[in-house]
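Each chain gets a letter, A, B, C, D, E, F, G and H, in the order it is written, and its residues are counted from 1.
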Amino acid sequence: MRDMYNVFHLAIPARDLDEAYNFYVKGLGCKLARRYSDRITLDFFGDQLVCHLSNEIDPNPKMYPRHFGITFRERRQFDNLYKLAKQRELPFFQDLMVRFEGMVEEHLTFFLIDPSNNLLEFKYYHDERMMY
Amino acid sequence: MRDMYNVFHLAIPARDLDEAYNFYVKGLGCKLARRYSDRITLDFFGDQLVCHLSNEIDPNPKMYPRHFGITFRERRQFDNLYKLAKQRELPFFQDLMVRFEGMVEEHLTFFLIDPSNNLLEFKYYHDERMMY
Amino acid sequence: MRDMYNVFHLAIPARDLDEAYNFYVKGLGCKLARRYSDRITLDFFGDQLVCHLSNEIDPNPKMYPRHFGITFRERRQFDNLYKLAKQRELPFFQDLMVRFEGMVEEHLTFFLIDPSNNLLEFKYYHDERMMY
Amino acid sequence: MRDMYNVFHLAIPARDLDEAYNFYVKGLGCKLARRYSDRITLDFFGDQLVCHLSNEIDPNPKMYPRHFGITFRERRQFDNLYKLAKQRELPFFQDLMVRFEGMVEEHLTFFLIDPSNNLLEFKYYHDERMMY
Amino acid sequence: MRDMYNVFHLAIPARDLDEAYNFYVKGLGCKLARRYSDRITLDFFGDQLVCHLSNEIDPNPKMYPRHFGITFRERRQFDNLYKLAKQRELPFFQDLMVRFEGMVEEHLTFFLIDPSNNLLEFKYYHDERMMY
Amino acid sequence: MRDMYNVFHLAIPARDLDEAYNFYVKGLGCKLARRYSDRITLDFFGDQLVCHLSNEIDPNPKMYPRHFGITFRERRQFDNLYKLAKQRELPFFQDLMVRFEGMVEEHLTFFLIDPSNNLLEFKYYHDERMMY
Amino acid sequence: MRDMYNVFHLAIPARDLDEAYNFYVKGLGCKLARRYSDRITLDFFGDQLVCHLSNEIDPNPKMYPRHFGITFRERRQFDNLYKLAKQRELPFFQDLMVRFEGMVEEHLTFFLIDPSNNLLEFKYYHDERMMY
Amino acid sequence: MRDMYNVFHLAIPARDLDEAYNFYVKGLGCKLARRYSDRITLDFFGDQLVCHLSNEIDPNPKMYPRHFGITFRERRQFDNLYKLAKQRELPFFQDLMVRFEGMVEEHLTFFLIDPSNNLLEFKYYHDERMMY
């Protein structure tokens, strides 16, 4: 288990801050902490995500080697997020699938893509020890 | 505060997995969870970091828009990590500095750079509400 | 102690939502959860505050009987918030003072006033059992 | 999640303290912390509620913009409170209803009204991320 | 450590419920949960104490074999309670003293006596492992 | 909720320490912390119980006004303890019954009696708010 | 309950460190913290296990008096680990069995044997109070 | 951090159960959970230690490869235990010393030896990340 008082932070590029706000706050339901002229900072599922205004946008995003997201301990949280993404019609890069089926590493996963081509992956493992 | 049972995960490129192992496990003191032919998965301060074998290495890394790391709630943890980085001679991209001095957002920060040019930032805020 | 998973929620009037946003998010450092045409919802120190667009503004606010706020368990959090309010020049309704001096109920307190005349009180008790 | 050691506090008017005591302690099952000649302080679901003797009673209370209450994380706590309110015949301002049906923001809610016309709302969201 | 969700409960005799209320709520600062014609139930430092109207009052109370109270993990909580007892002039059965001085079992202790001759002991051990 | 680091302690009479040890440790499954010539100290469901050698044994114990025990938050813990008491043939003073049936205060309860006529009550409430 | 911040540590012999790594990290899914020429240190279900290179291998291991392992509070964690051990074909010293059937001490247990003949036992008790 | 609800368990040989009881309960201050004819089970700093009656006693114990103990997160707990061991004259195998002085792995450590030649090590690291 991780320390509940520390925070992971991740900085990513955004070609437009309003777009990023719409995707992360209005879409994914993250909270806006601060807005500057060149970036917005978000409470992303309890960790910090910073979207920096930038033109270094990946024109051809692929699953590997860059993506980020949350692995949930409870199935209900994963299901709720999937339902939200579908209902609010967030753009999927890869819809729900099972990986490593039948193995102890088996997990559910789906990928979203934000307006600046950053990829987000959300996962749920049947065996919580496989989360790392 | 964040949920202690969920995990943030981040996937980044690594040009060589042994190099990545040396930097993150022997250097930074992270724990190795799994090793595959094309990636290693790490317990990175309680969250998950995955280093994928890749040749998409950024030849000219800059502070923005991409970096990641931990913001510590306790000063002692931040100081311990800084001391470790110095003692083990990990490569600094930016040594310890104060940002937003005198303001409520004031924090201590330093940047490391891993062997595949990924940038890591570690921070400590005097006012914990500014962590987001 | 309270349950960390439940949330207290409070709905208050706001004569203008941008004003409310500026006071609570940019000023106090609360996080914006959602914005609708007639209200904004905020993560207010971990609880929920909703500012409803309304013209029922109290023209002559007094300390009693209506106000709300947070009582901090740690002195440091109280001091940090007071410093933030001073530095960002938030409007004080009552500056820092000691109440019930010398008694077990002794506490530090200050009042802010938001742009719609809602009063906020922040407190710190030397004896945590007096928080209720 | 919120800090379990801090306390939200809310001050509201009460036209009569015995009435307030009967509603909140004997009715809702809150705990009495202190009683003064001009106010009573309560442990209200873990937070602090203070009823100040006052004649500033709202003669015509409406749902918006002023109400307060608890959003529960567990359905069982919400159901227990609803059952208590029904069994003890507490006055409802709005009986149980579903809001935003079919959407991710869907939640159960009911409103009570205290003897001084203060409105209380209790909620349960199917997706806990919508609590803010 | 103990389970934070369970509650220890203790039932004791009280010759008069108003007296008991005055001692425990107004004096010690406990919270009143419920009042019946024959008993009051209290939130006593997080556990439950029930004072039953009774004429089985011990006319000649002694330290042993019957008393009850709280052993605090933090020195500050112990000191705060001692200060409260002195300031509010609660009746001491035994003022502050050190027991087992110089040994690992060394602890601070004082005894109060309630209006129905029940004895309360509050303790602080320098070595927390000695609390049992 | 109560503080998990503090401990409630209760001192009761025991006419024979071996008897007390057999009832509490071998019977109820409590843990022995210390044994002296005149008392044993126990970890009683996370709190401290001290059995003092004494001849002040109540010859005619009644449910009120003196008894003590644990109120469980989880039904499973209550059921497990009842099963243990039955299987190990601990002496019941009052077998399992329902109190306040149909009301919000409804709870399950049973009483045991130790070899020195001290009464123990264990409870489970359907609505956890009624535990106080 | 135990303190979540302390760590139990256990040092055991290993005739070969690669073998130990394969069994504990690749097999059991523990995390590698550090590797030295004469030992590896592991995060073993949250506690520390150190495998020291040694030729003091027990040629004829028996269940008693030496073995170690984890007793799980949740059945699901126990079942997941059993499934992992089966699927990854870890060597069992004793397959799944029930001990003390029908008694309150009833528990599920299985034993593994590592490449250096150290025995590991994993358990699940229906009554959590029997874990000690 | 480790799960506070799970328990590490370790079984070790004891040539005499009274001796083991005296060392672990009366000496170290552990709690006795159960006593059988062939073993005693202990609450050892929150984990489970079982001493099995056995004649497989190591006649010539060495620090490596077998020992066990607790690594404390707080310096105060470590100091309290050292003080207890000195005051109660528990047998030291290795008195207090500093290991890896000046390095990030620096820690305080001392070894005790129980009556059956089992070695116990207690540690405190200045940098808590080095506990694994």
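As a working rule, a residue touches a chain if its C-beta (ideal position, glycine included) is under 8 Å from a C-beta of that chain, and two chains touch if they have at least 3 such contacts.
Keep in mind that what you see is a predicted model, and the values were worked out from it rather than measured.
Can you spot which option in A-C, C-D or A-D is basically B-G again, with over half of the contact pairs the same by residue number?
A-C
Hey, how far is the Cα centre of chain A from the one of chain G, in Å?
So the centroids are 35 Å from each other.
Report, in whole Å, the distance between the mean C-alpha point of chain B and the mean C-alpha point of chain D.
44
If you look at chain E, which of its residues touch at least two other chains?
1-4, 29, 31, 33-34, 43, 46, 77, 128, 132, in rising order.
Taking the top-of-page definition of touch, could you list the pairs of chains it picks out?
A-B, A-C, A-D, A-G, A-H, B-C, B-D, B-G, B-H, C-D, C-E, C-F, D-E, D-F, E-F, E-G, E-H, F-G, F-H, G-H
If we count contacts the way the header does, which residues on chain A are in touch with chain B in the complex?
Interface residues on chain A, with respect to chain B: 1-14, 31, 33-34, 41-43, 45-48, 52-54, 56, 64-74, 77, 121, 123, 128, 131-132.
State the interface residues of chain C toward chain F in the complex, per the touch definition above.
1-3
Touching chain A in the complex: which residues of chain C?
25-26, 29, 31-35, 43
Along chain A, where are the residues that touch chain G in the complex?
It comes out as residues 1, 103-104, 126-130, 132.
Going by the contact rule at the top, pick out the chain F residues touching chain G in the complex.
4, 29, 31, 46, 77, 80-81, 83-84, 87-88
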